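Heads up, the next two complexes both have subunit A, just with different partners, subunit B and then subunit C.
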Partner chain A sequence: MTLSTGHSAALDFAQPEPPDLSSGKYVKLWQGPQHPGITGNMSLELVLDGDTIVSCKTHVGYLHRGFEKLMERRTFIQNFTVVCRIAVPEPTFNEYLYSHAVEEISGIEVPERAIWLRTMNLEMMRLASFLMWIGGQSGAFGQYTVPNWTLAYRDYVLDLFEEMTGARIYHMYIVPGGVRAGLPDGFEERARKIMKGAEKLLDQIERVMFNNVVFKARSKGLGIITPDMVDPYGIVGPNARACGLARDIRKDEPYLAYDRLDFETISGNEPDAYGRAYLRLQETRQSINLIRQCLDHAPTDGPFQADMPNVLHWKVPAGETYVKAECTRGEYGYYMVTDGSEFVRRVHVRGPSYTHAIAVMERLAVGTNIADIAGLMVSLHTYPPEIER
Partner chain B sequence: MNELLERLQRHFDVNNINVLKPGMTTLKIGKDSAEILIRELRDREGYTHLNFITCIDYIEDGIFTLVYMLHNYDSKHTLGVHVDIDREGEEMTSIHTLWAQAWTYQRELREMYGINFPGSPRLDEDFCLEGWDQIPPMRREFDTRAFSEERFGHREGRHSEVPRVHMKMELYPKRGGDEE
Partner chain C sequence: MNLRDLLSPFFVWQRAFEKPYTSIRPTIDRPGAPAYRGFHINVSEECVGCGSCHSICQNHAIDMVPVAEFEGRTGDSGLRPRFDYGRCCWCGLCVDICTAASLRMSNEYAWISEDPDEFHFTAGIDDKPWQNNEHGYRRAEGYHLYPPKRIEMEMLSPDVSVQSFEEVARGYSEAQAKLEADRCVECGICVATCPAHMDVPDYIHSIRDGDYEKGLQLMYRTNPFPATCGRICTRRCESVCPVGILGEPVAIRWLKRFIVDQVDAQDYQRILNDQIIESGHRVAIIGAGPGGLSAAYYLRKKGHAVTVFEAGETAGGMLRYGVPSYRLPDADLDKDIAYIVSLGVDIRYNTRIGKDIEFEQLLQDYDAVFLSTGLSVPSNMRIQGEDHARVLSGLQVLADVASGRDPGIGRQVAVIGGGNVAMDAARVSRRLGADVTILYRRRIADMPADAEEIHESQEEGCNIVPQAIPVEITTADNPQQVSIKWGEAEMVQDPKGGRPRPVLQEDRMHTDTYDCIISAIGQGSDLDFLSKENQQQLAIEWGKFTPGEYQQSALQKVFVGGDVANRTADAISAIEDGHHAARGIERLLNPDEFTTTQTDNTGELT
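Here is the complex of A and B:
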């Protein structure tokens, strides 16, 4: 099996010449949209020479629901049912950024208690999403024990979400002005118990997955991202941090309560699939630590919602802003333009997958063995709905 | 930041400078100088990160405003470059040689708004839409509801509400949806 892949520091953005399929030397193979080794509803058009990929094209559109267009025709509150569906495993980041953009343009101050509850909510989302991702990465290399553990444990975190927000997946908990509710009785105790269990699980995963010889052999050297690729390709988040760049919006441009939390940006020095996976494991542990800090510091009384008018009478003034947050995959942003009417003029959602799944993936796939393409895709951590609007 | 803006004003015809919040500014420039300005910002001013490229349709003024959002990791400053172009049959200089993901954005803008970026790779390949035969759907004049009704028609037993009217009726049922 071919183990190494990727172009080293290739900064030539020119599109490669398509292989001559009539030569009889190549085989064209579609990976997806219906394939267990694909990250959501997208597909890769691969051209193979033997079992080595010589050309890759990403195709999206299977999930296009016109989110951005829909938002221009619905009132500000109605858009909540749209925004949370843009990244299914991480709806909270969409809710927060949409709310934050509305708040910034309207000049709404969020109460202290809501700031802490939002921070905790986002970190819980990070934990749930990383648990799902670890399972996907492990499964892509043929280890099916870890996905069973992590997806089962993610459900405990979803239980916490259900207690906190009333919903498991699409919470719509963070709304302009604050959050919809405080914490229920006994939540802290149950959350701490689940965090303790999650830590134990991560220790087991480290032993079973990261010390496994097959996982190491297949992931080390796969999909190398060099530091000089990062800015030209717009690479963000763990994919950038794994090659040594200590960039984290939570630390560099703190929002919510992150400037009052004790944590350091984690960066690595192994820019391959293994290094990225290990970095994400460390970030999952960090997320548990941050949730505990939020439980320690979050005020237990006081308002969790600013005084807001009836949702049918929201007046958002004309304005423009770009707000961003560090999601599990890096910079997630909302660009919003309003014109003073009851509808938003324009919302643009900036997701990290836009470049990770297309420009980066098409580059890294070349030279990879067909058996490793699923592992490579998962190691870039991509969600198609962010690309498709 | 002021020094940067002064430098830019010396060399480029930038206007409408707007400080949106600490760490974020927008400015407007003519379409002919935009690519040179963006290249200058990337190569000399440290704006090495392209957050995104997008478009706002001002149908009432007959223009599209293209927005290039750039970020400087050292100064932690974000700069939005706005470029107005005509809505009808307009072209914009491609920046696909500056960032690897730029051509993807340009391909999307071509499909969703109909803007042409001569020289941009794979510009006319389908992006999200397959076999689209209508006007580009993100343009304001594209009516999603009329399209749905025409394309998919009415189905017996299917009932839909206008969400805003429905919400008012839910909230104020005794007053027939009148919240006043």
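Here is the complex of A and C:
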């Protein structure tokens, strides 16, 4: 197998010898499943030598809700109200990918207006998710001012979601065939105002959080992902881009209206927690820019939904597809198989946290200080709910 | 470490002077966004209880419950959605699918109650504080979860259709029928409204499944004239179809026709598999119209020996003589009749009761009699000169054409009347090459004829003159012609609130001359074959029977049905009368075995 980075031979995937716990030299410590430093319900089984982690084992399974199975028992229209719950902070990507998979199998062409509204919706979602993440990263290193700012400001973005979609968290806006409504009156003006405020906030955060001696001291050099790790581990999104790889599905394989938006893939050259954080700050700004472009270009009239069959007895033809989109953490994918009945045969949801929070975390944790483990985990930007579905 | 990184964080203090994000008093209510998905509102007056909300809800959070004030309404199931907020996930799909757009949501965020039962409520019936909330989630204009427009039936263009008696409606293709069948929301309001209670959602379902044999079986359970009704039914079902509230109703009639058109007449015996076990009882039926033959079918299925007495040369009654073949081709009517006859129904043609055989004789010879002689006598216009030789009756013209005779109408024809017979007579005249003027005393909107027939007759070049009251018929200069004096009418509101009345305007009179005038203002019954004594016993009023339970008349052995015994006077009502009378006769003949819910040999309810 050839890997684009070409360094895989140097990586050692062998399981290290387990530390001899009976030697009295080590302490075994569980972080999670209930722990504020963990990004959701999962746990890290840590073995410490003093303050230093010598082994880390990740455990998931606390958040398994069986969505993929639930979907096999619901009709195609009912499922779009279920999928948003798979990843709480980024429900919209699930709505989009589910709808897109169904549309692709049944050959439904989504109208232009819906394409733009979907793009804007996804970028708004990225913005809201990044705002929450910035707060998390700052808080994980003990700085609690920034979380207060960003989580409060995220609510303004949620206000926009509420106006646009009728709900703050589980929007259920992107529906197979298009979207559920156009933009309400005055939305553009309010959105632009909130974008302006967000930009100002990000400048302030840069001064307070990034140009900060403590943050730098704790995050620089923490959790270095080398380019040769990227392909073997399946690392995607900002985690991969921070080590210099310009990989962004929005640019490489454009979907929705991304091929008509003016933006460049952002990549960095500092593959540590600081570099990743700074890259995400830039991507947050990029999202604001893209939302503005969507506001400029989105058609204000015309259909926002394709002609649909009666959803009460909608049978999607037999087929299979894999669809993907660039969420804040990287490639988010849906694999769908249909058998021509009123129900989906199988859906597999693959979020980027699957590798980031399990395999990558186990590797990066070794050798770090126990105090930095929460910061490291947040710097990988993981969502346990999407690992387990 | 550089000095900038040490000082820069102190910038946080600047924020101390900015307006905080949070409000000092968090109790101040901020209203939800105008389209927020809050609590459910149902405008119960607009709701028809179709239950689509219940069908689409993935959480089974909606039950359809009976609400007394809406029970028994036409086109209304009498049910209203009851919400269980222990299950609801506020996705709003119920609002999206609502066929009447009566279901909405308020933009309320919170609702607090100490009583858990409060969270289980019938929206719009149980009083809730948000019921009149102006804002909240509504289905957006242009957003549909089922296609609102029906699949157009291909029709002969009017300039082609007037050239011949070829069927105007061409029928759906399989793809078209499947698309149209897809639009059904399976509420069943049509079943309740159909006089025969045909199982519409299920036979439409059979189209989606491509199982037309099952569709045929389902239709024969309540209607042995599906090929006919699939073409000319008055389709009250479509007038109540909830899909038609905001869009166009499902084309139920055309779908019925589609099923029959897919099945070959030779396969009926195998598919319907009517096993007959002779009962030994004998039943006489007077009139081989839809009512009589429907009764014959269901009686024969019960094993009774059935004899039908028909005055005419062929079976079908008004379907044969009153409905022109461009609407109902003979072949399709024959398809229905042939199957009924194939079960062993004995039809005695050219046998008129009272002339060839006495009614009393039937009462003696048979265990029961079903009487459905229909309305065969044209009503008079009650104006002077109407016995003129060039005044023809609409029924006669139609019957002549149906029997292949030339009615001799000439080139210039006036049709008086606004019902289906008038439209048929006018369209038949167009096909015979005449220029047609239709005079009707009220407005076009008041015409009792089917809107579709009115539209098509106009398309075919019939000139409708509304608000025109015939006053007198006079002899024209040419003995082959006839003149009609008619006056314009003004519509005057009825002070009692009834429908507006046309009032003749004496100063606006016209006299026109035509080759013939076709009078089609209604028809009455001919019950002269009954003796005075019988007529009294049978309680006939205005030439019509008033049947009791199971179409039974005042004479225990005599059951009545069809146009002569109902007010709607259409084929589907006659068919149901026949079916219902068959149940009544079964009750009379086998009182011990009779139950109100009967099953046929497959165990299905009949």
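Everything below uses one rule, namely that the second predicted complex is superposed on the first by the 379 of 389 C-alpha atoms of A that agree within 3 Å, B and C clash if a C-alpha of one lies under 4 Å from a C-alpha of the other, contacts with A are read in each partner's own complex, and residues count from 1 in each chain.
What we mean here is this: contacts are C-beta pairs under 8 Å (C-beta built on N, C-alpha and C of every residue); 3 or more make two chains touch, one makes a residue touch a chain.
From a predicted model like this one, the values you see are computed outputs, not experimental measurements.
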item	value
Fit-or-clash call for subunit B and subunit C when the two complexes are aligned on subunit A	clash
First (subunit B), second (subunit C), both or neither touched by A:F304	second
Partner chain(s) touched by A:L312 [first = subunit B, second = subunit C, both, neither]	both
Partner chain(s) touched by A:R74 [first = subunit B, second = subunit C, both, neither]	both
First, second, both or neither for A:Q34, with subunit B first and subunit C second	neither
First, second, both or neither for A:P184, with subunit B first and subunit C second	second
Partner chain(s) touched by A:E388 [first = subunit B, second = subunit C, both, neither]	first
Partner chain in contact with A:N269 - subunit B first, subunit C second, else both or neither	neither
Touching partner for A:S22 - first (subunit B), second (subunit C), both, neither	neither
Segment of subunit C that clashes with subunit B, given the candidates 37-45, 55-63, 235-243 or 289-297	55-63
Subunit A positions touched by subunit B in one structure and by subunit C in the second	74-75, 78, 310, 312
Residues of subunit A defined as touching subunit B within the complex	13-15, 60-61, 64, 66, 68-70, 72-75, 78, 104, 231-234, 247, 252-253, 310, 312, 319-322, 324, 331, 333, 335, 337, 345-346, 348, 350, 354-355, 358-360, 363, 388-389
Residue numbers on subunit A that touch subunit C, as the complex places them	74-75, 77-78, 81-82, 145, 149, 152-153, 155, 159, 162-163, 165-167, 170, 172, 178, 180-182, 184, 204, 207-209, 211-214, 216-217, 303-305, 307-313
Interfacial residue positions of subunit B with respect to subunit A in the complex	18, 20-21, 23-24, 26, 48-52, 54, 56-57, 67, 69, 73, 76, 78, 80, 96-97, 99-101, 103-105, 108, 112, 121-122, 126-130, 137-138, 140, 142, 144, 163-164, 167-168, 171, 179
Touching residues (chain side subunit C, partner subunit A) in the complex	1, 4-6, 8-9, 11-12, 14-15, 21-22, 32-37, 52, 55-56, 58, 89-93, 96-97, 105, 137, 140, 142-147, 179, 182-186, 208
